[in-house]
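Here come two complexes built around chain A, the first alongside chain B, the second alongside chain C.
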Partner chain A sequence: MADATVTTPGRAPARPGGAPTTAPPSRSNGTSNGTSNGTSKGARARRRFTPSYATRDQLTGYLFIAPQFLGIVFFVLVPLGLIFWYSLNEWNVLAGTFRFVGTENFEKLFADPKIAPVLQATAVFSIGLVVLNLGLALLLAVLLNRKVAGMTVFRTIFFSPVVVSLVAWTIVWGFLMQDNGGINGLLQLVGVDGPNWLREGPTAMASVIVVQVFKNVGLNMVLFLAALQGVPQEVQEAARMDGASDRQLFWRITVPLISPTILLTSIITIVGSLQVFAQIAVLTQGGPGISTTVLVYYLFQQAFDFHHFGYGSTLSIVLFAIVLVLTVLQWQLRKRWVFYEN
Partner chain B sequence: MQSEPMASDAAVPPVRDGADVAGRGPGIGRPLVGRAPARPSTGTAGRSPQRRSPWRKVVFYGVLSLMAVPFVFPTWWMITSSFKPINRIFAFPPELWPSNPTLDGYIGAFTVQPFALQYFNSMYIAVLVTAGTMLFSSMAGYAFARIRFRGQGLLFVVVLTGLLIPAEVTIVPLFQMFNAWGLIDTHWPLILVTTFGAPSVLATFIMRQYFITLPVELEEAARIDGLGRWRIYWSIALPLSRSALAAVAIFTFLHVWNLYLEPTVYLQTPELFTLPQALTRYTDAYGGEMWNTQLAAATLTALPVLIVFVFAQKQFVEGLAQTGLKG
Partner chain C sequence: MRSAKVLTGVGLAAAATLALAACSGGASPEATPENVDLRMTVWTSNEDHLALFDSIADAYMADHPEVASVTFDPLPFEDYTTTVTTQIAGGSAPDLAWILENAAPDFVDSGALLPLDETLEGTEGYEFDDLSESATALWHDDSDALVAYPFSTSPFVMFANDDLLKAAGLPTAAEMQANGDWNWDGVSEAGAAVHTATGKAGFVIRDFDYTTWDNLASVWMGWGAAPWSEDGTQCTFDSPEMTEAFEFLHDAAFTKQSMPGPGTTADFFAGESAFTVTQISRASLLTGDFAWNLLPLPEGPAGEYSMVGQAGIGVLADGPNAQVAADFLAFFTNPENSKQLAQYFPPPRVSQLNVETLAATNPTLTPEQIEDVVIPGIDTGVTRPSHTDSAEIGQEVRSALDALWVPDADIPGTLADVCTSIDPLLAG
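Our next item is the complex of A and B:
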């Protein structure tokens, strides 16, 4: 750089390998000085800002995070603290009573004959959903991970329910699964007498799960597709050269390599499954009996239908505890079965 | 030279059984890669790409098409049924195409409830929340990624707790708080909580992850030129993060558009309802479901996003994949 300006003053040097010169130099010495000054200042700035800049930067940092941070404090942390306080009180909004009752709500919780079936329904829903969702998503991703014609169309099709409004999707399925609805209509065409899907104990929960699987499996499918495309080609080829069968290739190479994604999708899906509400409210209203009353739906009923805010808060704590335990558990488990993390 | 691509494309018949492939998980990659060149492919003639029989292809596409039915049929059934007169909705055999289409359902959708108003409510809330989330989450994400300030790590952990606590956990106290502030039966709870509360944390996280990857040199150059933090964020970092912002916009919009529990809890006046909530209220005087009206309203709710999706499919899928991968 300095050489170039010294040897060919006046013209911009067009040398191979020579960096494009900056503004036409007035004097060769001045330019080289200026450049070296500039870089050293830059290097210093990288290491440490001047105090005033750093102080100003601190303030800017706080201002930048303020809306989000205050939002979390006011709309997440304060309410979270409040459920613990509310759970110690009997609060009937209709009657306008609010009094401290200590652990009464927790005693009520353990004596509640409905809590066991509710937790059971929640578990059945979550397990059913996660197994079906991840299994189908992985199957679809493997099927679609080929470079043959039409794969984009199929991806679009399998993904499309994700963008359909949840309640609209649920309403249509509710419509289809009525006793005289479309599904039984189609079944009748082949001579099968379908059940009243949403009004019979065993089929109601299965129906809700299936509706939810079809709604969201596309999202996990896309995540798996991205993961599958990240599996190094050489590893697969090498395994093939060593004579691995398709099945061995999948279970011993592909699955271990995409295990971080499997962990991620399972966390998302499980936590999401605990939050299910709209589907239950639209399809079954928790019935028949309380066979599809999951925890969030029960919580909603207690708090907003029966106006037991204290007991509703106690149920919120249960929900929070389950989410917390599952997340921590999965995070711990990842050491066991996730083979590498990016 | 030629044998390599062929070997990868064709289904190679197992030369040996997979004894050494069946090693243990973590170490499996490296020895295989290392060993591969040491074992030259034997019998190159036998490895010519075997043409898979055309039937395999037919079966493959057949299976995929069959699997696509439960993904496509409901939407199809929703749209077609919304044009059927009420007495033909449960006709047997089922009509895949309305034999005498009518707009009764659509007229009903707008007359039974203030549907246009509800549509507007959903739309403006979703747009407002999406814009707000894009702004505030990118600001916070930028600060966490690029600005150094005291207590940064702790503050970030506090914000991340929002990812751990589902909105359903805090719905009871939130209702009480907004009740105390006199904001029940207004749109404020929906806007405030979704823009600033737990739902926006994932957005902040995504933006932070993205800003971390931007080259520092860009900002340093701008800083030497005398630009302040706000200008650096607004005119340099933000325009560069367009893809992450698009992802945030897509999933925020879908999230707000789909909210159901929150409006059910906070809103009582039909004029204030949002679409998901309104969809469930199409019942006649006896509480019976008015299916054609409901399906027409559902179609009007689902179709716009679906159409946008079909045209911007790539952005949707990549955007949502990005949120999932980085979340």
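Our next item is the complex of A and C:
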């Protein structure tokens, strides 16, 4: 019980964690006798080797966050720093040269005639995906939130694409969307000549969006389902007794109560939509023309296909900035529309 | 708060260490002669190919105890060059790498590959002078040093499905040739007839798929066309010859329907098309389900021609075991092993380009097919177009050519746009 000598019972209240705070160390002066000097030295010696509860608490806390902290340092901050460094250099991998070019890559970015159409394609993809994905996921969740026999089967069916390999899923859809593929085969049964989905500008982007929506809508659907099941029954019943219609019940009661989940899914979906790559690489390779060349695909091409690692790094900084701005924006705007019970 | 400072300090120090390590290029201490591990990237994952490579490597290691292992590392063909360069960037470059001919100028001009003349010439019994001059042409650097061994020189040929031709009431491919109809117009007419009669496809330029446009060189060479001037500085996509060649292809895809249109696939080796242009090595895909024949590429308006696809094996100059890797390459491609490898990869050795060698190792092909098609194809074949910055040029051309693959395309206008897109890259 060494700590008893350094705490002041009754004066130092227990902290929420249960550990009392440390008392101020006693000071010695010239008038102190030998006994008091001895006690003071002994107390200092004990404090040196036995950390207080508070210090232990702090150390424990730091140890708990250490793995995550180191992970963020090594796998987020260091790569981020390196990306900034690479963006100021030009790296010829084959020749083995690494040359400092300053802001040259950023100047190239502003002069790149492709960056505008690439950003436009990225925006179209993201908006299309987010609107379709969230809308469909909410609709499915509402429909599947009923107590009907066999509903679990339907929930499983809609969720199952989430666990399928992304590339396998995309390859299969690539076959289905060929000119002579399954979708046009079905359309022909009803006398319709389908377009060449992946080869024509207007349909190629829509096709990529739809393939991605079907792949991941189940994930948002499950999150919405969980949120819907958390909406208090009594609130809904009270609204009904007050004469609220189904429409009013949904928009005035349900949506505000699940708005935190809507915020979460929208952030996840927007960030995910900005990082789409495999679907583009497999389905369209950025074409026709560059109509489906989104930012991640473009930066991959620049860095790994064309070996412009410096410029690719610059593009990844642009992507980082876009994700950061959109996330911060959503986080700030939440105050206006997200409902928190407390 | 002192703990937080300490932890932050440790974190930053570790980050700085990692950053410095990454910037340093990952240099490793030189491997000891007793413990050399060689790694060679390849794009074949064919078990027979890999078994043959392993047997040659085993024989080498038996005489070279300093080499502990030789690993053949198959990488997907589609991303092969990208993966190899990424490995180089990541500090895990292979010791040896297969290199596609379209990436050859980048690898050769950059100085990434070790000159091999001295090692190959100095290897007893190597017969360096036996290497064909045309086969090695792509692999010499500015100082005329050979920097990669032309491992596979495989001619592009035309396979024909005689059963489908007969089902459409047409003469077989050999009869077409005997009748003087073995030209692109004849092939397109026959392909259209097969499509009409059987619903199967006419002719397929394998692996083109309306994206890998350089495979179309096997067609446009028949018109005497080329994508750029010989010195690589001028775009010639908009030349009259190239325009006529693309008019022929567009007509075949959208009017005659003798060639599958964009977004439509047909596999010759599954019996889904009458003809296919591909490399001789694809003969291994023939299963005997239908009667087939092998012929040279059809004659174009500019006359007879042939094209080869090529792969080289190079030694990465900056690798820690570069000289050992070069020695292994000399063993891997010596006359004896070249003869073994010839069953899958047509060799660059003049003495081995004969019916005796190639027939013994290519049981699928008849001696006549080897003599009439394979050997002349290698002898006179021109390699597919290549250029420095081939990936970027390839992407620009693909992107611009997309406008051509619609029924009402403006062909001369699109080809002019192709030149507009790639002119800056050719000039650079």
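Here, the second predicted complex is superposed on the first by the 269 of 342 C-alpha atoms of A that agree within 3 Å, B and C clash if a C-alpha of one lies under 4 Å from a C-alpha of the other, contacts with A are read in each partner's own complex, and residues count from 1 in each chain.
Methods note: contacts are C-beta pairs under 8 Å (C-beta built on N, C-alpha and C of every residue); 3 or more make two chains touch, one makes a residue touch a chain.
This is a predicted model, so every value here is computed, not measured.
For the composite obtained by superposing both complexes on chain A, the positions of chain B and chain C are in clash. Applying the stated contact rule after C-alpha superposition, one finds that A:Asn180 touches each of chain B and chain C.
In the superposed model, A:Phe304 lies in contact with both chain B and chain C. In the superposition on chain A, A:Gln58 makes contact with both chain B and chain C. Applying the stated contact rule after C-alpha superposition, one finds that A:Leu82 touches each of chain B and chain C.
Partner contacting the larger number of chain A residues, of chain B and chain C: B.
By the document's definition of touching, both partners, chain B and chain C, reach A:Phe74. By the touch criterion stated above, A:Gly287 is placed in contact with chain C alone, chain B being left untouched. Of the two partner chains, neither chain B nor chain C is touched by A:Val130. In the superposition on chain A, A:Leu138 makes contact with neither chain B nor chain C. In the overlay built on the shared chain, the residue A:Ile209 is in contact with neither chain B nor chain C.
58, 62, 69-70, 73-74, 77-78, 82, 178, 180-181, 304, 309 are the residues of chain A that lie in the contact sets of both chain B and chain C, per the superposition on chain A. Contact residues of chain C toward chain A in the complex are 3-4, 7, 11-12, 14-15, 18-19, 22-23, 82, 85-86, 88-89, 106-107, 110-112, 210-211, 261-265, 318, 389, 391-392, 395, 398-400, 402-403, 405-406. Considering their complex, residues 55, 58-59, 62, 66, 69-70, 73-74, 77-78, 81-82, 85, 91-96, 177-181, 196-200, 285-290, 301, 304-307, 309 of chain A touch chain C. The touching residues of chain A, counted against chain B in their complex, run 41-42, 45-46, 54, 56-58, 60-62, 64-65, 67-80, 82-83, 86, 140, 143-144, 148, 150, 152, 154-169, 171-173, 175-176, 178, 180-182, 185-186, 188-189, 214, 218-219, 222-223, 225-226, 232-246, 248, 252-253, 256-257, 261, 264-265, 268, 271, 274-275, 277-278, 281-282, 296, 299-300, 303-304, 309, 312-313, 316, 319-320, 323-324, 327, 339-340.
Across the complex, chain A is touched by residues 4, 7-8, 11-12, 14-18, 20-23, 25-26, 28-29, 32-33, 35-36, 39, 41, 57, 60-61, 63-64, 67-68, 70-72, 74-75, 77-78, 81, 90, 92-94, 136-137, 139-140, 142-144, 147-150, 152, 155, 158-159, 161-162, 164-177, 192-193, 195-198, 200-201, 204, 216, 220, 223-224, 228-230, 233, 254, 257-258, 260-261, 264-265, 275-277, 279-280, 291, 294-295, 298-299, 301-302, 305-306, 309-310, 313, 316-317, 320-321, 324-325, 327 of chain B.
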